[in-house]
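Both complexes shown next keep subunit A, but they swap its partner, so subunit B is in the first and subunit C is in the second.
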Partner chain A sequence: MAIFGVLRSGLYSLASVGLALSVGVIGVVNFAHGEFLMLGAYLGYWLFASYGIDPLAAIPIGAVALFLLGGAVHRLGIQRVLRSPELNQMLLTFGISIFLQNLAIILWGGDPRTAAVGYKAQSVALGPFTVGFPQLVVFAVAMTLTLSLYAILGGSRIGKAMRAVAQNRVGASLIGIEVDRIYLLTFGLSTALAGMAGLMIALQLSTSPFIGLLYTLKAFAIIVMAGLGNITGVIYASLVLGLSEAFVEFYVPQGGGWAEGVFFVLILVVLLVRPRGLFR
Partner chain B sequence: MAGAALLAAAAALPFWLNRTQPYFLQLALNVLIVAVLALSWDLLARTGQLSLAHAAFFGLGAYTSALLTTRAGVPVVAGIVLGGLMATAVAAALGVLTLRLRGIYFAIATLAFSETLRVITKQLRFTGGSAGLVTPPLLPANLPAQYLVILGILLLAALTSELVNRSRWHFAFTAIRTNEEVAAVMGIDVVRFKVLAFAISAFFAGLTGAFYAHVFLFINPFEAYSLAISVGALVAPIFGGLYTTIGPLLGAVALRIGEETLRAALGSGFLIIYGLILAAVILYMPRGLLGLWTAAAARRHAGERGVTAPVSGNGQA
Partner chain C sequence: MNRTVWHGLVVLAAALLIAAVYQPVGAQREPIKIGAIVPLTGPSGVSGQAMQKGYQLAMDEISRQGLLGRRVELIVEDDRGDPPTGAAAFLKLVTRDRIDVLAGGLQSATSIAIAAQARQRPILMAWTGAASTLVERALADADWFFHYHPWEYHNADSTFGFLRSTGARTIAMAYEDGPFGSGSADQAGAFARNYGLTLTFNEAFKTGSPDLTPLLTKAKGANADAFVFVSFDQDVVPMATQARQVGFSPKIILAAPPSWPVGFEKLGAGNYVAGMALWTAENGHGVSRRFVQRYKERFNEDPSSYWAPLAYTNLITVAEAIRRAGNTDLAALTREMKATEYEGPIGLPLTFKRSIYGKNQGYTRLIAFQWINGKQVVVWPEQIAGGKLAYPAPYGR
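Take a look at the complex of A and B:
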């Protein structure tokens, strides 16, 4: 049971770390985060179905495409409400979320689609356990990407600039950091991460226009557990969510259905007990 | 004056429409449902709190009344009232837990709460699971009477809204929305007012949901807790004009009638228009339709006197 929870948490980390980044650096809670992930999943599906490109090989394409899309959305929308009341920011991203979800319904219909890669049904023995090969690959890729983000934030000039802006917008601009450019890059990076998570979903699971909201909510549960804006806590928080869901699925009767509600219980418990997050 | 005339026209509508065009009376009833939801959503928004899941309380009211009437033999009218009260009680509890925190947490909690109610309703057997429930009718086969009931509910909501806007509560709500810290320093019990607004708002949503259950005679978790209901409840006031009584009503009429034509063309993807309107209004006309009207009136007024009108409002949507 634990091993399934751990494997699942890899994907959760990648799906939510972008949201943590935009909350932490820009201060914008993006309700459309899951929809960018959904678009990434469709991109993965179409690249595979039309050109036979494996979602793993499509990672650079997905990252660039979703980076550009996110940048455009930031320029046309998000940037204009950065100084508006929080209510306006949330409503704008919620509007974008509804728009993208229904655009997908209109363009591609509501049916789930699966990229049937050759190794989809293969499994590997991992000690005494047998796990699906796609799950293992997705876990490895997702963890690699998440940890690379940590490395970028920790070491590179751009990462340091992002952290500086996160700490103090005015201070950062005083020492010559172009805050608006950092915001643009951060939002693009955040949607690119969502897009890559989407590709992994196309590889391991299936995609439909409705998966966006679910991943937005799970990502919220994770960033609330980590503490809003805490990026490094995301991995631990993802583990908590992944393990709790796996636990409910295994030990509760009809657990598959109940597991869909675990994220809410976690949000509520954290808000009750420790609203600033478990991991800070 | 204008309000009384409008009310008289709305009350006369069923007697005029029913004989010739029952379809339009049904549409008018649907408009009123959205109008109550929009107005009650706006009541909460006046304290600066964003509920992304008004459908949670709509569905809660619908299921409470449906279960009480089918499983416990409660009369339909009592069931509807109890549906509203159930929504109120749950909102108060959720509010006490989440309204102490920043607005973001509240918005997230409402959205997650709605999804979770759907999961619970789907999983439990006594709620009818994903198959749903068949409910006993309110005023069977009498569409004009049903219409008048929801008109009455809307009137009650409108009166509540006007009372709030003309009492001291108005200043408390506005102060909280503008700056919570300052409001608290001025001696306003911020959390109490926010919970109060949330509870009143949920009461009307629950009442409407229960009404819906006994007029459409069937509910399931996907429709009762649907995103479309939550989205309609928040886009209508934003489109019409926030923090007023007339704005949400205006928005509800315009959007629900527009939706009727779009549904035919776009199927279930019609919500795309709501997303577009939401984004466009936030970016370009934060005071909604009502704002356009007052701005135009101000220009006309200024034109008569030969001075330039000040641009009103600063995007406090």
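Take a look at the complex of A and C:
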């Protein structure tokens, strides 16, 4: 059961790391994060259904498309409320979330859509265990992207600028960092990561206009557990959530009904016992 | 009284007399107004839009044939799958539009909200949707309420009747833990016993969960002949694919979502998964085939679910009742609706009879189909079967 939990954490990690970035660097709690993920899933579905492009191969397309969309949303909306009270920011992102969800309903209807990727039901043997091939692929992609992001933040010039802005916006601007440009890049990167998570959902599951909320909630649980803005903590927190859910579902009678409550319990416990996060 | 006033009174009396004489003729020329409440947007928007297309086909036919020499006006209101919106739509249709008949209906929650309003303002309700017995109980004594869709106990009865016919003896069941799945799960044990089946596993899961492998691994351990999966549309893809991944191959997998995800027909793992429905486009009945043909010609697409033929049936039977009644009086319409005998695109005869709580229940049985090479092949009941059930199904074999 542990291996199912570990594999599940891959998708959770990918769905959360973008939100951790936008909270950590820009300080924006983006309630529309799940809807960007949903748009990525639709992009994956349509690229597969219309052109036969595998969602894995569509990762670069999805990343660029969602980066540009995120950049546009930042320029037109987020940027204008950055210096407003946090409540205004939350209301704006909540509004964007509702808008995107309804736009998807109008454009594509409410029916779930599934990309019938040939290996969707395949499994592979890992020693004595048999695991789903798509889950393994998603886990590998998630780990690669999360660790790459960590490397970028730690080693590249732009990553260091992001960290500087995250630590002290005024200080960063005083040493010549263009804070607004960093915010734009960060938000674009955050939505691109959400879009890539959406592509992995298209690969593994099905998409509908309503999938966003679930992943937004799980992402919030994970970034609270990790400590706000803690990128590496996201991996550990995703593991904790994935494993807890899998164990509850398997070992607790009627555990499938309880599993969803796990992340709320985890948020509650972390906020009460260690508000700065378990992995900070 | 002076002459001017006298003349004025004479003119007024004459005008009133003319108005009184001509009023019945004017009333005859008033259109027959049929209101329909359906979710055109929201989670059930696709089903609601299919219903609207079914109504359009019916309206084409009704307009061609004419109805009591009057124009027929269909006023469709979008309830968005939201109970308060549905209740407001009812009030608007009844008080402002002054409709003669209310048609439509899809979700149980919205139907409950509308039922509360309808009890205060009785009108002929020809109601297509809602499977929850809460709706049936809410309108138990309403002689003017006609329900087309089977109630949830009819669904359960059909499901276990079909399973019994396959030769399965033990059943594992998983259900989403909302009202939809829980309602089915509550009744599963009793229905299984009625049909001599043993329920060896019965567990809940959360709809939308991306990973069902723990649940499927547990279900696999129950080693039952059949696996029944009561879920929403989005859950059937992870169920079908992850069942293969964990090597879960019962003799039959029966899923019962309200509709199926677009693309499921192309999913290899979906092959041989069985389902229950009121109707499928592969239904071999002659009227059903003609309906599918007309639907394709009119909308350039296949009807994706049973909501289109059900809505068509809904409006056509209402129009026939009005024709037989000769007017739109509630008592006359109720009497003629009760006399309905109709064999339409659904493929099963429609009459209204008493159900457990309600007075006028239409369909009481679902059909079973199996996904075979991307088609929903009807496999039960035998009279309308278009193919033979693959049992044991060759999942992963």
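The criterion applied here is as follows: the second predicted complex is superposed on the first by the 280 of 280 C-alpha atoms of A that agree within 3 Å, B and C clash if a C-alpha of one lies under 4 Å from a C-alpha of the other, contacts with A are read in each partner's own complex, and residues count from 1 in each chain.
FYI, a residue touches a chain if its C-beta (ideal position, glycine included) is under 8 Å from a C-beta of that chain, and two chains touch if they have at least 3 such contacts.
This is a predicted model, so every value here is computed, not measured.
Asks: For the three-chain model obtained by superposing on subunit A, do subunit B and subunit C clash or fit?
Replies: clash
Asks: Is A:Gln122 contacted by the first partner subunit B, the second partner subunit C, both or neither?
Replies: second
Asks: Please work out whether A:Glu86 is in contact with subunit B alone, subunit C alone, both, or neither, and reply first, second, both or neither.
Replies: It touches subunit B, and subunit C stays clear.
Asks: Check the residue A:Ala226 against both partner chains and state whether it touches subunit B (first), subunit C (second), both, or neither.
Replies: Touch status of A:Ala226: no partner.
Asks: Could you look at A:Leu271 and tell me whether it touches subunit B, subunit C, both or neither (first, second, both, neither)?
Replies: In the superposed model, A:Leu271 contacts subunit B only, not subunit C.
Asks: After the superposition on A, what does A:Leu103 contact: first (subunit B), second (subunit C), both or neither?
Replies: first
Asks: Touch test for A:Gly95: subunit B only (first), subunit C only (second), both, or neither?
Replies: A:Gly95 contacts subunit B only, not subunit C.
Asks: So in the superposed three-chain picture, is A:Gln254 touching just subunit B, just subunit C, both, or none of them (first/second/both/neither)?
Replies: In the superposed model, A:Gln254 contacts both subunit B and subunit C.
Asks: Is A:Thr130 in contact with subunit B, with subunit C, with both, or with neither (first, second, both, neither)?
Replies: It touches subunit C, and subunit B stays clear.
Asks: In the combined picture, which part of subunit B sits where subunit C already is, 45-53, 207-215, 261-269 or 297-305?
Replies: Answer for the clashing stretch of subunit B: 261-269.
Asks: Once the two structures are superposed, pull the subunit A residues common to the subunit B and subunit C interfaces.
Replies: The answer is residues 102, 105-106, 110, 214, 254, 257, 260 of subunit A.
Asks: State the interface residues of subunit A toward subunit C in the complex, per the touch definition above.
Replies: Per the stated touch rule, the residues are 1, 4, 7-8, 11, 45, 49, 102, 105-106, 109-116, 118, 120-123, 130-135, 201, 204-206, 208, 210-211, 214, 245-246, 249-250, 253-257, 259-260.
Asks: Taking the complex as given, what residues does subunit B use to touch subunit A?
Replies: So the residues of subunit B in touch with subunit A come to 45, 48, 50, 52, 97-98, 101-105, 107-109, 111-113, 115-116, 119-120, 122-123, 227, 231, 234, 238, 266-272, 274-279, 282-283, 286, 315-317.
Asks: Help me check something: in the complex, which residues belonging to subunit A touch subunit B?
Replies: 29, 31, 77, 80-81, 84-88, 90-92, 94-103, 105-106, 110, 213-214, 217, 220-221, 224, 228, 254, 257-258, 260-261, 263-265, 267-268, 271-272, 275
Asks: Which residues of subunit C touch subunit A in the complex?
Replies: Per the touch definition, subunit C meets subunit A at residues 41-46, 49, 174, 177, 203-206, 208-211, 213-215, 217-218, 233-234, 237-238, 240-242, 244-247, 259, 261-264, 266-269, 304.
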